[in-house]
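Structure in structure tokens, see below.
Here the chain labels run A, B, C, D and E in written order, and each chain numbers its own residues starting at 1.
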Amino acid sequence: MNVPMILKGVGLLAVLIFPALGFSDYVLHIAISILIWGFIYTGWSIMGRFGLVSLGHGAFMGIGAYVVTMLWNHAGITPWIGIPVAVVVSGAVAIFIGFPCFRFRITGHYFALVTLALSEVVRLLIVALRDTTGGSLGVTPRSELTPEVAVSFYAMQFADKTVWFYLIVVIWLGGLLIWRAVDRSMLRYAMEAISQEDDAAASLGVHVTRAKLTVTVISAAMTAVGGAVYGQYQLYINPETTSGIAISLQIVFAVIAGGMFVQLGPTMGAVITLLLTETLRQTVGHDVYGLDVMVYGAMLVLFIIYMPRGVLGWITEVWSRRQEPRPTGTVKPQPGE
Amino acid sequence: MSAMLQVRDLTKKFGGFTAVDRIEFDLNEGEILGLIGPNGSGKSTTFNLIAGALTPTAGSITLEGRDITGLAPTQVCHKGIARTYQIPRPFRKLTVLENVAVAAYYGANQLISRDEAWRLAEDALELTQLSSDPRARVDGLGAAGLKKLELARALATQPRLLLADESLGGLDEKEMDQAADMLSDIRRERGITIIWVEHIMGVLMRVVDRCVVLDHGEIIAAGLPQDVAHDPKVIEVYLGSDAEALQTQVAGRVAGSA
Amino acid sequence: MEFSITDPFLWETVIQGLLFGGVLALLSLGLNIIFGVIDVVWICYAELIMIGMYAIYFLYADYGVPLPLAFIAGILTVALLGAALHHFIIRPILHTEPINQLLVTGGVLFFLQGFATLVFSVEFRNLGVSFGSFAAGDMFFPISRMLAFAVSLVAVVVLWLFLKRTFLGTAIRAISQDREIMPLMGVSPQKIYLVTSALGGGLAGLGACLLVLLYDIHPAIGLTFGPITFMVCVLGGLGNMIGGFIAAFIFAEFIALGGFYAEVEWGYVMAFVFFIVMMFIRPQGIMGSKS
Amino acid sequence: AAEPIRIGVIYDFTGPFAAGGSTAAAVGTEIAVELINERGGVGGHKIVTIVADAQSKAEVAINEATRLLDQEKVDLLMGVYSSAHCVPMAQKVDAQKKFLWANVCVSSAVFKDKNLKYVFRGQVHSDQFGWASCTFLNEYSKAKLGIEPKDLKVAIIHEDGPYGSGVASGNEENCKKYGMQIVQNEGYSATAPDLSSLVTKLRRAQPDVILHTGYNPDITLFLRQAKEQGLKWRALIGHGAGYGQIDKLKAAFGKDSDYIFNVDPVAAQLLDPKTLASGLGDLTAEMVKRYKAKTGATEVPPHTSMGFNQSWIFFTDVLPRAIAKHGGYSPDALRLSALETDIPVGGTIQGYGVKFDPPGSKMAGQNSRSSPVVMQYVDGQTKIVWPTAIQTMDPVMPLPAGNSYAR
Amino acid sequence: MLELRDVATGYGSFQALFGVSLEVKAGEAVAVIGPNGAGKTSLLRVISKVIELKGGHISMEGVSLDDVPAHQVIELGIAHVPEHRRLFPRLTVEENLKMGAYMQAARERYRERLDFVYELFPRLKERRHQLAGTMSGGEQQMCALGRGLMSGPKLLLLDEPSAGLAPVIVQQVFDLVRRIRQEGYTVLIVEQNIQQVLKVVDRAYLLEVGRIKMSGAAQELLENDEVRRAYIGL
């Protein structure tokens, strides 16, 4: 039992009893949003931490949200089936776009910009296919809720935010576990190796394309689940809020702010960015229009310059520096940062 | 006995330029073959072709009777061929041990446990005399250390054939001798067959069984070190005035071993 | 819709596409030179253009500065802004992961958008200057776009000569290949970077001069050009100015002909899909040389 | 004094919608609140507003609605500019049994088949925009253009956002109904940098009338490219949003902005006060005065009237009755009161009356008496040309020679 | 001509040189030899100020270099041909040479110097429009030397010019160094190839772990037992 473990335990307990603390629905709403986004950001960081900086996750989120809602609205298929379908679709798209990218060694800025185009294509498609998707007006999953029916498990619709909260806590914890599994796997070393010297990694037996595709598909699938859950929770999706460049950038920035090399970094990113935007909008935003966006931009700049590993990355760095000299003995490296 | 590796008619063109021109050679199991030649004569390109990093324009490569021409680097590795890079390419974000462990885990042709991978990695580090601080970052290794790391990683994949590209570059003369001894040891103890590219003739000639000399992508000479050292063509394009010293040295070796 | 080579509307579309390509080409120039030299993508590039447009607008519309002077001032403003962007924001993180440099300019993007909202308000502004158009039979070609086309042609030639012929230009090309040894040549890398940033900024300013004639100015104008400019640069091979130049025309034709044969909306979808497909066929860009 | 009534007011003050009329509408609402409070509030209650910026983003709009209701404990919500915000917000608020009084957003989708109980809108809806322009054309085509409606060639172009596509589908449906020939129907992104191929196609299709819905930047771009590429028409009918901002069009196009039609809820100051209930003329004058004082603008856009008028209806009709008759201003009281609203045509400053569709009907909650008007810009003046009963000028059609766009 | 007194330098917290003093007289050729990682490259780098001078003093012809920024060192007549040649691979040979003449004073005599270098290395003239990155190792080394000469330096710093080259080319490179000497240049050269370099230079310093271990005439070091045992093998 070490200090970080204790902190994590206490943190988890705090999360679990959170709804019982009597906060208003708004606070609960923000908490739920943080967890959904935290999950999505965690999904992004699974590939982002290895230098696969995707600006295209808006596409996967859009696919998740729209596939599930379209299946429900047009075919009456429950989201419980819709979500796996969305995962498969987004995984397929990830492979479709990822395979050539990785085969042809599209990395760095190029990869970022190709994926940026992908997220834009998905957004444009949703808009252009307005007869099916509802276009940029967005669409609401057909509601099963009435004043009498507060819970429709079949439709994955719940009037009570507390239900949502726990459902999403489970999903979020699942995301963290996936993150950890990847972190502790040999795949992580392979990806680190690839991100440095992909030729050398290949000649040492690492299936470069396969390894990259694996993390990409995991990441895309998580994002799609996030998008689907987001749509179910908000009971409304539109192309701007679930896909396109803006969302993709939002995802990247939040992860950078929180720290993508630490398990809880992406969640931290969600906490920081959501609280920051909410606070800024409610304080300066109402008096001086534009100032909040300005401050937000400036904070991002400062984060990247002074805390390139994110807030949590920075904290753990300071922490581990204080723990110096590092214990020796076991030769096996401790996974994780 | 049929040769372990057979290279036939191997050709590589870059645009209009022919870097490797219809070369052919055989390699017997347990041999150390020296691949030498002037700068730009196609040595590294040949390695890249065998290791799958480049696809041949023509020709074939056969390992232990199976055609491996045009396989991807990963597949070639799994067939038992490992290579080092002339300019070291360490994974800078990983520790020394992790660098080698990746190779051990993924380089193995079958699924091995992670513990097994760590063990193989430690083993390879020991063999290359790198085991002093396996948890160090590779940045601290220095030129000689990086060369050793290249070897350690290659060995961790449990190859039967090792392609070593200028493993001595940047070492001082004493370190060179040590490294050369290491290659002989590897061959003797593990039975690993080696092709070795090097410009430091004094050291290379001491260790190799045979030499192949490339110039402008073509083989201009092949044979025992003492024959190659006397070959006028090789002297002209490659050895220059070093030839004399080399001839006496090689002669000494032949005499010594006889 | 039938295809007919004699259809004057088809020809008009093709030529309009060409002219629009000129606009895109001009926009991509600055971004490309920055990437080619400093290896940084300025995500906020279109926002720099926006600031330039505002500068020109206010000088001309509010202070009565003659248009040519306002143009020069606009170019200088953005050049200065480009240099400042590099000096204060890019330089401190030049040694860190390349993607950080891309993202930091994303922060600047938000900052500049917020800044414009705060200072210039969300109002749409329009210079109200029109140069009319040139009629060839039944086809009409806007002079402002022809101007953009001509300016980008001249700019690319001048830039090319500058990079090929002068010492400074050679140094600018050299520094992207080996940053560390530049001091050994007696070159101060910082100075080159600053000059390049200013040059890239100045080219953005030049873009602003033309855009201000064509579009309304508002804080979100960057959305209109940002993504498409990046696509053009990548398609041409990041940092490859000639490639970017050609890519601009290909892209514009896709938009124009796609819009002509299908719908405007689908024209853009097709252009983006084409982009993605091209990345797989020629990942290094149509003219890129990096392997 | 009685407790103040807290109202959460949501508009877009930043992002693309802000200048598209949202800010102007917000000022209208602000003026209405000021006036009411100066008159001592409603039933002794002062009105307190908590204003929120939706930043032109749906997610923010939802967050703000939740915050205002839960955190700020407002009694009801009001405002909302964008239809993309209205749709989800209406549903959420209704599900929570909270009250939303929508002021500006027009999409029919907000109400259509949703059977909302606590959401009401006095504003016209998008189907009516589409209906108004086609009906206007149907009435005047033969007389003014000498073309039978069934021979009239119309082109529908629109930005592909919720607003543009909503209006356009109304256009399509109604013009088809009148038998007109729709030679082109196409959407484009409001941020598109180039519309030349659209212009080229329109030149080829040669429509008599273009029905256009868009925001400011794309309208300017379209008109500029149309002019430069020699696109001609007999009439151009815009539908609110960007076309509601005549001063912007005038700044960009000068005299060429003359004779453009615009379908919109009327800007109150344009109506002849004599056609309205007594006192409304003075009210409009006061609104105009205050708007100019607050913003320094010379033109008062229609959005100000929308923001003002809906608020005013609420403060002077729904709210007092709820307090007096239904025992307060709980969502249920407000709802009951709203369902009783019955203002005849001519009873509001924008001319239309108010009667909400009852629960169970297709558009439950929508004002069935609202209607837009068709206006025309002449020499920087805005004239009402339709409905004929309240017109202040006979429509000028076709476009007179001399205008750059005239055939 | 060049004088170093108690020079210290390093990378971050790592110290590479500890109080190194040495001297190069006008017209001399001096070698610095030593094992891997001894700090030879660092020594040349600190002279051209590519890395920070952390202690001691450097002067060139009596002018202190202590506070001169890296890109101005060349103006004092010091040209540094770096380790691994470091040509600009996607510039042509001639453009590489042009970069060598970047500084203001050299630009004025650009033509003249170019002719001189081409005369010295006719091969370069032949290949002047070829991209530097596509040339053979030996040709690249010529180009790197030529680039160093373009600024018209008084002192040439050469860092392992023979590394990674085929034996014949190594001999050519040492021939080049000899020729450059004959043209009257002062040379400070760092080499691993001790036997060869000591045949070319007048004097040499032996550097070990950041300190000068020994110095003397070239012939002296070549015959020194310790040097022979530690570095020449055999």
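Note that in this section a contact is a pair of C-beta atoms (placed from the backbone, for glycine too) under 8 Å apart; a residue touches a chain by one contact, two chains touch by 3 or more.
From a predicted model like this one, the values you see are computed outputs, not experimental measurements.
K.L.:
Figure out the least number of contact steps between chain B and chain D, where 1 means they touch directly.
P.N.:
2
K.L.:
Starting from the defined contact criterion, work out which chains touch chain B and chain E both, please.
P.N.:
Chains touching both chain B and chain E: none.
K.L.:
If you take the mean of the Cα atoms for each chain, which one ends up farthest from chain B?
P.N.:
That would be chain D.
K.L.:
I'd like the Å distance between the centres of chain A and chain D, where a centre is the mean of that chain's Cα atoms.
P.N.:
38
K.L.:
I'd like the Å distance between the centres of chain A and chain C, where a centre is the mean of that chain's Cα atoms.
P.N.:
Computed value for the inter-centroid distance: 32 Å.
K.L.:
Go ahead and note the Å separation of the Cα centroids belonging to chain C and chain E.
P.N.:
It comes to 43 Å between the two C-alpha centres.
K.L.:
For chain D, write out the residues touching at least two other chains, lowest number first.
P.N.:
Chain D, residues with two or more chain partners: 13-14, 18, 160, 187, 189.
K.L.:
Mind pulling the chain C residues that touch 2 or more other chains?
P.N.:
117, 121-122, 263, 265, 268, in rising order.
K.L.:
What positions in chain B touch 2 or more of the other chains?
P.N.:
Correct list: empty.
K.L.:
Please list each pair of chains that are touching.
P.N.:
Taking the chains two at a time, the touching pairs are A-B, A-C, A-D, B-E, C-D, C-E.
K.L.:
Which of the residues in chain C come into contact with chain D in the complex?
P.N.:
On the chain C side, the touching residues are 9, 12-13, 16-17, 19-20, 23, 117, 121-126, 128, 130, 132-133, 135, 140-145, 214-216, 218, 220-221, 223-225, 228, 252, 255-260, 263-265, 267-268.
K.L.:
Sort out for me which residues of chain D touch chain C in the complex.
P.N.:
Interface residues on the chain D side: 13-16, 18-19, 23, 160, 186-189, 191-198, 200-201, 203-204, 216-217, 220-221, 224-225, 227-230, 245, 248, 251-254.
K.L.:
Considering only the defined contacts, which chain C positions touch chain A in the complex?
P.N.:
Checking each residue of chain C against chain A gives 35, 41, 89, 92-93, 96-100, 102-104, 106-119, 121-122, 219, 227, 230-231, 234, 238, 263, 265-266, 268-269, 272-273, 275-276, 279-280, 283, 291.
K.L.:
Sort out for me which residues of chain E touch chain B in the complex.
P.N.:
Checking each residue of chain E against chain B gives 35-37, 136-138, 163-171, 192, 194, 230-233.
K.L.:
In the complex of these two chains, what residues of chain A are touching chain B?
P.N.:
So the residues of chain A touching chain B come out as 186, 189-190, 192-193, 195-197, 199-208, 328, 331-333.
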